[in-house]
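In the two complexes below, chain A is the common chain; its partner is chain B in one and chain C in the other.
== the complex of A and B ==
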């Protein structure tokens, strides 16, 4: 009789890791399907409906792209932080602030779009960076955990946006109840209603991948993020890199907010961040903080979110969709661990020689 | 025996260890240790790092369980499953690193996790209770003070009060004076004598001979996990203790022989009146040291006497509070670690996993740490992974480390392979100086020999090598001169040729060179 046992490998092979990721997504969907079936719905019908509505029409594809774009930015923002060992839980708030600053510029500064749009982008990034500045300094100089500080800043940001959108910046035409007036400038479209935010985000992902993989700075960030003691030993400016990376992370989320308000929503309103910041954490974790991986995981999350929207008439809530994303993360964590093992067969039964 | 401590004949020991053994994978931490602690005595436990002092005390206090032997308290055999059971039996320990809650007051810390603390009590009553305890036990503390505001000596007093308030009859102190000023140490000694005068006992872990001679009634020396002897301190001399502590068979196999043309050259690296302070604590005092090209300077001493700080100063990782570091006559006190490495100072740090490597990153990243910023790996701001891979392969090859996959995390390599990789990485850039801190720690004999061969190779090519080690054998075989450190000072620098090992032992215990 032969026995099987698990053998732990020193490192998971990339192919196995990737398949573990794919299997975890499938398992999450199957689990969600079983639960849906238990509540009396036919999961296969629902799945087919999601697929045909999303990929079957240009409308569906455009909607998908509009969900994909903000997730790309927030996912990149979180991934950048992870590179130096920082959990930026505050992409949500930085996204809101970016949208806020960009809307402010558009609403109150007259000028040609060619001038105003770049200014909006710059201000959006600056606002995102500003929103992570205090957590950054607290972490860099007092070793205060950024997990808490960045998270708390989110609530302030959300309330600020809701306040200005319903108060001082409320649409003066009286047509809208809780938003600003339509912004006079917008990010131009590349295809259908899909705007330039998408290609810019893709380019950004590529640039970040190059910066982390092929520059001396990227190498130093890698060392500093993995073992600060090692970086200090080598004389690398760990604190400076930490500050730069965190500010860049905030700026990327802020740019995402600018693109969202100026490209997709066209008005500043409460809830414009739509949990993109939080889902960005999942996007980054699933991509293992690799900028190019974020492109794929953000797309996956966009498909799931979009599926939720499509299925809303069927009585599915956004909570269900968030539960599915949670399941994916859960299975991915298990898969990561299992990818380090392989089954081997003992030639002889245990206990004999 | 008992009468010499002023006890009635036949008084049983407070606590006794009989034939205690503890094994860790591949290591004998303790074996066949017998120890009896009588009421009224201060019993010193002396030994080098790794002699098994801490393991033995961890067994006595229930942190570890002995693999063999027994613990007898008041004539009764006990098995402690946890420190809580040990303290219930009257055995308490104050660790070298205090286990106080910094944000709590003294009173709160004393009462934390104590069954006798009332479930509901006002801060004022808690402080009153603490004050009473402090007066009863003769340990002056400020009950309302926050621990984070206290000096190290005061914090230690709180720790001791915490243990004694739980009716400890045997108090174990792990190198209590290491963190104290001389005046604070004297205060501690007074409190300890008062405690033992009430019929209690103290076990005092130390490797400082003068202290042991001053405070202890008896001393037990451990070496290699086994007991060497238990002696009355009045019958001992510092020299005798030093001999018993370090006295192993030294295999002299000198590596000082040099090929034709290789010799000691001009000064390269110099420390001039260097001191290093952290707050009020003086870490290094008035260090003067000159390193010559082609020389191996050994640094001896019990770990924790300033060696780490010295290695950081020599490699630019820290800046001196006073004095200057000169590299070939240039003041490099404030250059920083990167500049020193670029100037040709290599550094094998004492802590591979925390300083020397990024264990979670690929072997390639770890191998190129010193050269990622220069050609051919770097081109302007760019980093060329392909070149990095080539360099990593080259370093692994000369380090004789078989690497199946350079993308594999460095932590998957064995300790010896990691150390060889770090050593070779540093040797590549060490054109002038190599600082090696405990390079053979945790390595087997074969790996140690390889390491020593590396240093000889460097030395013969004209590099100055600083070898910080606890292994006297290593130092005596390889070093040209041996400096001995104690309490952040250099006790003296001796030529290694024909050095008297007892003299080094004495200097490690705080005697200056004659």
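== the complex of A and C ==
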């Protein structure tokens, strides 16, 4: 006589979590396919078109890489925060501020690109960190939820960028509307239109992985995130780590904004953040806040978003595609919970109850 | 060959140099001379793909709807031709991706029905065999043209009626962004209104979108709360007309006949029609004679005032229409100096007529317009 029951595990095994992730992505795509089929479209045809347009030409690959780059930064920014239990919903705003500061340097500071570009990067990071400073202090010293404060700062940042791009920094040539002049310096290209923002982002992911995996700081941050009480009891400076991590998170998003404005868009304008900050949350959650995992989930999101653009001339709207990314997150959340359980068989000795 | 870059730069310098400078650009509706570039090779209609990239949804009953009608006119004029379109393209790097997608799908001609600037320019530069057009565009290429409407003339005409129907002389404007198409609209409207209502003023609210019915409705309400009694704007839908109707005030609209949303409030609309333009340019592209053009469609040939609303008094309509007739038959322009900006500086000298180039690039508010400059 035996019975089956579910047993909750303290932590899911890595292999099970990874499979849960993959299954959730597949299920989301299948669900989207069923919905598309119901509206009279052939999902297999559309899927084949996405794959051939994305991976079948250097054109498609370059587009994909350009979409991948900002997601890498915002994904890493959110992931870093999650390591110490912080939800940085404000990557969108920090990204905008980074772009704003970098554009300001490029537009108003003359100098050789070799000097100006690093300065733009530094100012972009500083602006991103500055934008999360108030939420950071509020969280560290008054325990104010960063979920709300970082989110609200996003709207201020977006309006600030729109204001300067249509007002004081408006292109004086009159040849472009609602944007600044084209920045006189740009992040150099590594391949086709893909710029150095991509390799720098990849290197950043590796550096963060090393920092979290192999340094005392990384260890303390992880403990501080999973069990702040114990960490404090063990004498770890949890508050200091919290502040550092949040500022680093903002700085990474700010650097992403700098790369976007100086590498891809070349002009500061409203909407430059393009929801990358919010999609970065999905990227980080899907990667379970692992910096190397972010590389893969950011790429996945880029493929899906790029697929959405490819499918728009087929009559699919942006909203449909955003719904698919939402579905993936939805299934991933369910999958995560399932991965924490295992099915075990209770073999009961005969005669006992 | 005349360099168009030079010309446009000169146009700008003239504009910035306030009064006095000799303005030499033509007033024929061409904003730049046509290029001497070689035409693109002909395409058979059955093999051609014409792509449209829109800023809003085609169901907006306004701007995007009007351009979508143009696409349908192209389909009717060239049986067998293939068309494709994408709605609600954001003004971000996503726009580049969408235009690139049109090119990789094999589009022979791409119309961007709004100003996408570099996002379109960068794509056009890399696709020299595709013909591009940018509505309200600024930067030409050998394969990238520009088209827009001289909306300032019918707007001036509508402004006359609005001024006559505003007891308080306080007019309101629901703006998108502080860009030239908005400045030329606000300024022309107030100039028209002041011919009958010399103390009229125009308050503007920018909502940072061309299509956001909720924000437009809120802006309309705020303007009426502020004492305005006639609303104008540059929205792609009818939001603020309904506000004016509910509050017993008046409104002038854009793009299409929207009187059913506010029959008592409706004065008129700046109606646009791009059908003939699209059919003509696609025809040139198919027969192999297409080179980019840079044109401003004139009043009566792509833009006009709509038939007057039911509550517009006959004598008001007659007064405004007299000016319209004068513009269309005699080439009359009301945009003559002296014109001062909102800070009181003289921007157009006494007796000087603004060129079409200047009207197209108008980027400052006249005295009496508030809320757009900083």
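Assume the second predicted complex is superposed on the first by the 329 of 353 C-alpha atoms of A that agree within 3 Å, B and C clash if a C-alpha of one lies under 4 Å from a C-alpha of the other, contacts with A are read in each partner's own complex, and residues count from 1 in each chain.
Operating definition for what follows: a residue touches a chain if its C-beta (ideal position, glycine included) is under 8 Å from a C-beta of that chain, and two chains touch if they have at least 3 such contacts.
It should be emphasised that the depicted structure is a prediction, and the values quoted were computed from it without experimental measurement.
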Superposed on chain A, are chain B and chain C clashing or fitting side by side? fit
Draw lines from the C-alpha centre of chain A to the C-alpha centres of chain B and chain C: what angle do they form, to the nearest 10°? 130
In the superposed arrangement, which partner chain does A:60 touch: chain B (first), chain C (second), both, or neither? second
A:76 in the overlay: touching chain B, chain C, both, or neither? Say first, second, both or neither. neither
Comparison of chain B and chain C by chain A residues contacted: C
Scan A:223 for contacts with chain B and chain C and give back first, second, both or neither. first
With both complexes overlaid on chain A, does A:313 touch chain B (first), chain C (second), both or neither? second
Just checking: does A:215 make contact with chain B only, chain C only, both, or neither of them? Give me first, second, both or neither. first
Taking the superposition as given, does A:107 touch the first partner, chain B, the second, chain C, both, or neither? neither
Check the superposed model and tell me the shortest C-alpha distance between chain B and chain C, rounded to whole Å. 31
Residue positions on chain A within touch of chain B in the complex are 10-11, 213-219, 222-223, 226-227, 229-236
Which positions of chain B touch chain A when the two form their complex? 316-317, 336-341, 347, 349, 351, 354-361, 365, 369-370, 372-373, 378, 381-385, 405, 407-409, 412
Where on chain A is chain C touching in the complex? 53, 57, 59-60, 63, 66-67, 159, 162, 166-168, 170, 173-179, 182, 260, 264-267, 269-272, 274, 306, 309-310, 312-313, 317-318
Touch list for chain C against partner chain A, complex: 8-9, 12, 15, 51, 84-88, 90-94, 97-98, 100-102, 104-105, 115, 117-118, 136, 138-139, 177-180, 206, 208, 361, 363, 374
